[in-house]
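Paired with chain B in one complex and with chain C in the other, chain A is shared by the two complexes that follow.
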Partner chain A sequence: MQRIYLNPAAVSHPEMKKFVDGLQVENDNLILALHAVENHFGYIPREVAAFLAERFRIPMARIYEVITFYHYFRTKPPGRHLITVCNGTTCWLFQSEKLLQMAHEFKTNLPEEKQREVSIEEVRCIGCCALAPLAYIDGQLHPYLNAEIFQQELEKVISCEDKA
Partner chain B sequence: MKIRLNFDSNAIAAGAAYVGEALQRELGKTWQIIKVGTNGLSYADPQIEVEAEHLPAVIFGKLNAHNIAYLLEDFFQHGLFPREEFFRSGGCILGGRTFMKKRGGAITHILVSDTSLPLQDKNRAYVLSLLSRFFSPGQYAWALDFGFYNRGFAIEIFPQSEVYAGFSIEELPELFGLLSQGQGLAIHKRFSEPLQLRLVSKNCGRMSAESIEEALQLGGYDALQTSLKKLSPEAVISEVEKSGLRGRGGAGYPTALKWKLTRQEKNFPKYVICNADEGDPGAFMDRSLLESDPHRVLEGLILAGYAIGAEQGYFYIRAEYPLATQRIRRAVEEARQYGFLGKNILGSGFSFDVKVRLGAGAYVCGEETALIASLEGKRGSPVPRPPYPSQRGLYGKPTCINNVETLATIPEIILRGGDYFSTIGKGKSLGTKIFAVSGQIAKTQLVEVPMGMPLKILIYDICGGLPAGKQLKAVQTGGPSGGFVPASLLDIPLTYEDFLAIGSIIGSGGLIVLDESVNLAEFMLFYLNFNVDESCGKCAPCRIGGFQLRHLYQELLAGADAERQIAKIKRIAYAMKLASLCGLGKAACNPIFSSLHFFPEDYKLWAKKNISTVP
Partner chain C sequence: MGQEKYIHCTINGIPCEVVEGSTILEAAQQIYLKIPTLCKHPDLVATGACGICIVRVKGMASLPRACTTPVEEGMEIITHDEEIVNVRKTVLELILSTHPNSCLTCGRNQSCELQQLASDFAIRESAFAPFLPNLPVDRSTGSLIFEFDKCIKCGRCVYVCQEMQGVWALSFLNRGMNTRMAPAGDIELAEAPCVRCGQCSAHCPTGAIIELDETAEVWQLLHNPDYHVVVQIAPSVRVTVGEEFGFPPGTNLTGQIYAVLRRLGFDAIFDTNFAADVTIMEEASEFVERFVHDKGILPLITSCCPSWVDFMEKMYPDFIPHFSSTKSPQQILGVLAKTYYSAKKNIDPSRIKVISIMPCTAKKYELTRSHEMYASGYKDVDIALTTRELARMIRQSGIDFAKLPPEKADSILGEYSGAGTAFGYTGGVMEAALRTAQFFLTGSKMPRLEFAEIRGLKGVKEASLNFNGKEIRVAVAHGLGHVSDVLERVREAKARGEILYHFIEVMACPGGCIGGGGQPYGITNEVRKKRIEGLYQDDRSQKVRCSHENEEVQELYRSFLEKPLSEKAHQLLHTTYHARPIYRR
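Entry: the complex of A and B
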């Protein structure tokens, strides 16, 4: 969760094909391949899925069946800013849903072109329940959140960038 | 001189990297700083444990950029417990958990704490001022936690590293007086036994999780070497059978039986899989084992392979656990270099290797048949059993799937003997079990205790009960497939049988403590959201039933007539329990029945006057 993804728009089709051809995948295991693709691009671009279908000689439908089944795989590129709130049971007890709601409100209050840059996701427990509630903002994990800290952290991320 | 720094996901998220850098910079020349996994005391991260001849062996917890300076100066430079500012800026000291050898000599330091519940520090100032009459500043300090509660005032003296408890506040002046005159031995009868029994997690937090050398020093791979030299696969199975070990992944199936059935099959090759999917939200036992003692889990997997006659093993680790994955990968590589994996292991003729696979965020993939499909690269849809994986599993071959903790227990059983293991526990629930206690609990942590221990002892006497001012309502066990233990039944022994009898399960070991402010109908809606999200959609009872139930709960919480809603909920839940294909759908209704049974009033609170149904 702490990767910097390629900008998919900047990746050409031949490059995608080259990436797929270069994948070393044991037993043509589709999930291993999809993990590699997601790690590289941040999501599974449709073009890459098509190249995978070609390479593994399976229908596109079977690839999408797998992609859509697993929460981990994205079919759209995540925004430049990724907010992932843990919504496991312990975090829920400590008001994670309020954090989620705050994240969405924060996003809606941004100027329109900024909104597209922010993605909000949920995860079901990352096993650090002692620090509940927690959330990742751009790969950085924030423990013991409350409304005030969360709001500050969200604002930090966006305002930093405005200055840059 | 060693400093052990917790460095698992939890500690890192809490800021352990910063602490590690500061320590390395200031003390790196003279101290060995070891990044361990977790000692289990997750609530106190970032924390360090000190091991040195001239200093008390204690844990300093909740370290941060402010308080670490006091620690460095007072403790590491001057050998004194840190000044009050250390505590005021969040720091704490934990006692009573040392691995140091006991030493004699005049008392140099003393830790004190009040272990009476409910937790409060109301006597802290008084006791510290009392101590100041007998000891000089920096010789004494207040401890946050000794690992036990409900035993009055407790002290630990150094360099002896001995803990005494059970003092009343009136006894303290005399006690401190005696101690300051070097007459500590007079109080020997007060020694308090540890409540935990750490067998499986005994090395967690003691060694680097990224060094096979350290694992070997603490007995890693001894069980494998013994088995390969002295025990036939049948003898390994028989040792496990004697131990009475049952699967720790939730279902509690006898491990030896599963191994026997898989061994029996004449179809080759066979596979063993370590189920490291840990999908139960709120549980972190498996993550902690994988991140703290990966070699133990790996050794268990190799032994399972040896026992059933498999040459290929797999780890299936959830994608949300990148650090666990990294440490297991490293452990596998190191084990290969040391000849514990590969062809003809240690000249025994037994060959075995391991691959690491990742999940992709699907709870249902913890279910055996779904896990197998996922390993094969497909979507994780369960299939009906039989045939069981022991007959037809991965790639259609006999496959044995075990949970992380189950496997981590195996080396201990081989080394100590199955008979020893079976003397611990109660009824058909033998050995020790690791629990992850979280929620409204004073000290969120991992606890390993003999099975059969009353839940109440675990919650109160080990974890310190609920935070000040909170009242216990129930303990949630077994996650979305489990149920609730109401406060009135808190004496229940932690066994598979006792939990079954009240309509719950121990599950994998996640215990979530709920206080009076939680409404269980609301809580159920949260679980139903989870189940609807996670249902694979293959069979109608679960796919549609879950959806319907969620809708009924939404109506209920919006004020619909409780009686009618409950009747409908029950009807659908029964159908779903009976007709669902896999454990996810079957068990999804357990917490519904459990909450309805124990907390019917929570369902009635929502009814709005004059509205019988919601449109």
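Entry: the complex of A and C
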């Protein structure tokens, strides 16, 4: 018998186990595995962390150290809409803090059930400083932002769907 | 052995010769200079996290950290001047800006390393705006209280939990300002692999991790005239509690402890060493059953350490059949007090309350580990206090402990052999069991008493013994981090159909119970050695050194239990083990 890192909750998620078993990564490359999980599920479910611990034969605490160290990894599922504001040095010089604040205000002004569908995250430099300040809304890059454009783009994406 | 190379440096102008590879911190200790440290602990690898040990080295632009900087030939080191003192003060002020000002109500008041430094460096005001994370306090384990707001992020507890103990209940979550020590994900400690060994609390420099203090509950029981309150002291406590009152480590105060407990108001003073002798009668018999009569699987593994039991149930459940089913001495004394003693003295067991003084935070958990801990029909042991809590009770009473004349323990659960006292150090349970097993196997009246091969602080110790032509291979591990190595090898041998060892002893804490998580603060290997030496002497000074020769134990079997492993013994003195999930969430 091997060390069992599983919690009882994990056992009832065979699809997650299948995903982890099928991962095509070297056993020592936890980061690549975590990226694959995040891309597939949108976050790192606790059950998947447990399966990864078992497959890589490392303590689950180690996996959480890595997940929580890097801002890219999430431990909770993101909302349907994801607003990502870059807060790297260049964007910060171009007032990205204001954009971040706007995004939060935009969310708070939505009806309550709608709020749950929106996730806001702050990231460090994404490597396009020439386009600063910038943000992603649902994966779409928006460069050279100012308050006016940002507000318009947010409304476009999030209320658009309301009409539909 | 390779020749050690010596190099030279000066510290504050004093010439100094040190072994190559020594750090500046170690070199300074050689000339009786104490450089302040908060993250570095003698048990642990230096991480350079706190920055208080900075020194000046001629030719270096910045101030390097003494704990991580190796001495180089010809180095000129200054350990204190105006700038160094000011930098250290700033480090303290920064730490204090994220630390609550609650010293008076803190469990580490007057034993806190941060408080001591704040006092030494004359910190008189808050230099920086306070920033407290206000995270909730975790009391889930029932043994330890984890108050993150008091954490200074030195990392000792995480290192202890992951590397020294191999438990991995604690980890570093997040980073930078937001770093915190916590179990994996948003769960409580009791839902994580924590085995409550308390080594984190023994190494924490502040009050972020402390034991649950239950002295008030004990005073309440002592105050109630309806209760007959009995107390037992664990083997190791006799050589450690003195440190709280200024005695050097290892000072044996057995008689004074009996005396002070009597003056605190306990109705009968018993000794866990007596129960340890009973444990040996049962465990050595189990060994003979397995070794000679093939009844059960080998190796037999000791089970008197509750952290180790919890660890095995979580991480190595396939070893359950190897575990000795004999309960720990704490539980055996409890159940005997509420059955055997109760009947002999004609005291209703519902009126008897059993308090134990233990070196250990996990002993609090053991009290309710399973339904078998209620074998008397009542909770066998009511409250377990750590050595530190006992010291607090003594101080609360105002009794001048150091000046008390020694007294004796009470019959019929108080007499002990040298084997009983051996339970307090690594290798001791094995030694005690071998003394009696030799007698059971060979009938020898003069068995070999001491086994140097399994003594000392080496992580894993092995011996091959010969009893009347029969080879017995034993292994002793202490510090849970050393266990996996032994068990993996046993597993491999098992797969090949071989028996690697016949008998294995495990204690969760480095050094055994003398290094337990509930012992007086300031643990180092030097302290461990002195405490162990104190127990060796206690063992040697006993007229009776084998459990089976303890007269009160013989009387117990004659008049109550019949013989080891009898039906009654099984009902009262044995337990079972069950696989547990590592994470409950």
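The rule is short, and it goes like this: the second predicted complex is superposed on the first by the 150 of 164 C-alpha atoms of A that agree within 3 Å, B and C clash if a C-alpha of one lies under 4 Å from a C-alpha of the other, contacts with A are read in each partner's own complex, and residues count from 1 in each chain.
As a working rule, a contact is a pair of C-beta atoms (placed from the backbone, for glycine too) under 8 Å apart; a residue touches a chain by one contact, two chains touch by 3 or more.
As the structure is a prediction and not an experimental result, all values here were calculated from the model.
When the two structures are aligned on the shared chain, A:Gln101 is found in touch with neither chain B nor chain C. After overlaying the two complexes on the shared chain, residue contacts for A:Thr75 are found with chain C alone; chain B is out of touch. When both complexes are overlaid on chain A, the residue A:Gln152 reaches neither chain B nor chain C.
Applying the stated contact rule after C-alpha superposition, one finds that A:Leu30 touches chain B and leaves chain C untouched. When the two complexes are superposed, the chain touching more residues of chain A, out of chain B and chain C, is B.
In the superposition on chain A, contact is made by A:Ala61 with chain C only, not with chain B. When the two complexes are laid over each other on chain A, chain A has residues 1, 65, 69 in contact with both chain B and chain C. The residues of chain A lying in touch with chain B in their complex are 1, 26-35, 65-66, 69-73, 88-90, 92-93, 123-132, 134, 141, 143. Partner chain C is touched in their complex by these residues of chain A: 1, 3-9, 46, 49-50, 59-65, 68-69, 75.
Within the complex, the chain C residues that touch chain A are 162, 168-175, 183-185, 192-193, 315-318, 581-585.
Interface residues of chain B facing chain A in the complex, by the touch rule stated above, are 9-10, 12-14, 42-43, 45, 278-284, 287-288, 319-322, 355, 357-363, 374, 376-380, 436, 438-440, 444-445, 476, 479, 510, 512, 514, 518, 526, 530, 533, 536.
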